[in-house]
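This is the structure I want to talk about, given as structure tokens.
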């Protein structure tokens, strides 16, 4: 029941967001129409972090309590997270080309996002490559914990580093109220989407895990 | 089978409801067992029965999924380090570093086990297993049988009161195996408690007082050596480990 | 006190083992030398350009040599079940972590100590400065802290040579960035105050990940 409510709320928010992004908010004067991708990029960046926070919490709980459900939450969030991070990088590139003429730049936030993407990759890699399947979840949890704790250090370092190499910046200056509104709605809409995906995926995974368990028991 | 009614102090090893699962694979499905001081218990069972897992849980190498294990009255969960002091382990893996000499390996483990008068003790245990002549050779140059003997010496360094052996006769010839039996009981102050697993019904009957058959994570037979001869044991074994039992 | 006694026993055991197989030190060194030489070819011989890229070359070299050193930390423990042998000893899992970590740290520092003068020679740069030594030591501690944890993890995976770098390099990216920046400043003769923010980042990383790895290690090796 709750899931259905969430579904419809997400749909409504997404429709609202789309309307705001494409019809409501005025075109930004410097960058033109392409600037609208900003309203997609920021939520992606935010969600890649939120998803990893959930991975972190799930990982700690899994290591401590050893209950499969925490690992399911962590891995499902990681799946959503890597998708959002990939989109963050792609939208970043799509922004970069018309804005700065290059597909990529070592701008601090982009760089940090790339490192985050690599950490997500490592999370899945150790899970699938563990020699004993049962340890894959534990190894992934370790990556989730170490990776998350590293994030602030990565952010700090890349920002400080950028100070040494002044270059293109993603965004400068204030936001007009209409833009702020659009941005906020967009963020909320995508956050709702994230939670929807998370709930859906964890429920699926929990069922898969249960089926596996029953199979082994009957053997 | 009759067992004396007593408090936990009487039992050296007490296992209650032990289970262990690796992911979804249940290796041990509820083991209840008591082992008395000085007993020599042999565990038989087909591959995958859970023998190695049981030994590793007792050795504190693997954590139980659920259940209680008391060794010398100490709970495994809280007193792992103290328990390890009293246990010697030898498995078909030797725990030896191949590019260090036998002496260096034993010296290392003596330090880890806080063995007093290391040098003396090393010579003692090495003599017990008949490896004195090769003490300063690199372990990698030793034959499989010699490495196995060395690994037994290693497990005796700290004079453990409880010895766990996982298929100890692997790689040993008949002579070495009887030497093994002697070495394990050699040192005074009462008999050691020994638990060992084996594939060989003959060897098990030779060395064990109590017999256990494990199959698919459960104990399917418990008996005394006196009650069985080899033929009877073979029958019981086949019966208890039939697929589907 | 007994904690350190046993930690040193493990570190010594590892060091002894290293010294026995001299090829390991030699091969890592040769590798280091090759990387430096190849980078030199890649970037051309102009002294000015060298000055610009030298810190980067130095740290790429140390990062890859570091991965090589760390990957070997737990391989001997896998043979003959030695890690389980260690787990059956009356020591906490943390003793094993610290012992192995110090062993790797020592090994990496030796490699770096030999590579540095070679670097100075080939690049004509004043690398034998106290500042640079401090940067290298701090950074290597960070490598060892998190690398030991990951090495214990990677040894339990298929394709372990691939898994370790994929795990390790993104996590230590802040160390590498900071070390490169600080080294560049040190080579230009800047005073300590200018380097301090980078050094603080590395030091903070070290402390944080020594603690985190110390706490998590048991989960990695236990089943």
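Letters A, B and C mark the chains in the order given here, with residues in each chain numbered from 1 onward.
By our rule, contacts are C-beta pairs under 8 Å (C-beta built on N, C-alpha and C of every residue); 3 or more make two chains touch, one makes a residue touch a chain.
Because the structure is a prediction, the values reported are computed rather than measured.
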For this session: Between A-C and A-B, flag the pair that has more C-beta pairs in contact.
Result: A-C
Seminar exercise, completed: Per-chain C-alpha mean nearest global C-alpha mean belongs to chain C
For this session: Can you check how far apart subunit B and subunit C are, centre to centre, with Cα atoms defining each centre and the answer in Å?
Result: 39
Exercise. Where the centres are mean C-alpha positions, what is the separation of subunit A from subunit C, in Å?
Worked result: 31
Exercise. Measuring from the mean C-alpha position of subunit A to the mean C-alpha position of subunit B, what distance in angstrom results?
Worked result: 50
Seminar exercise, completed: Among subunit A residues, those touching two or more other chains are 132, 134
Exercise. Where in subunit B do residues touch two or more other chains at once?
Worked result: 22
Exercise. Among the residues of subunit C, which are close enough to touch at least two other chains?
Worked result: 223
Seminar exercise, completed: subunit A residues touching subunit B in their complex are 132-134, 212-213, 215-217
Problem set entry | subunit B to subunit C touching residues, read off their complex | 22, 56, 59-63, 81-82, 84-85, 87, 89, 91, 93-100, 104, 108-109, 111-114, 138
Exercise. In the complex of these two chains, what residues of subunit A are touching subunit C?
Worked result: 63, 115, 118-119, 121-122, 125-126, 129-132, 134-135, 138-139, 141-143, 145-147, 149-150, 153-154, 156-158, 160-161, 164
Problem set entry | Residue numbers on subunit B that touch subunit A, as the complex places them | 22-26
Exercise. For subunit C, which residues are in contact with subunit B within the complex?
Worked result: 2, 5-6, 9-10, 13, 16-17, 20-21, 76, 79-82, 84-92, 222-223
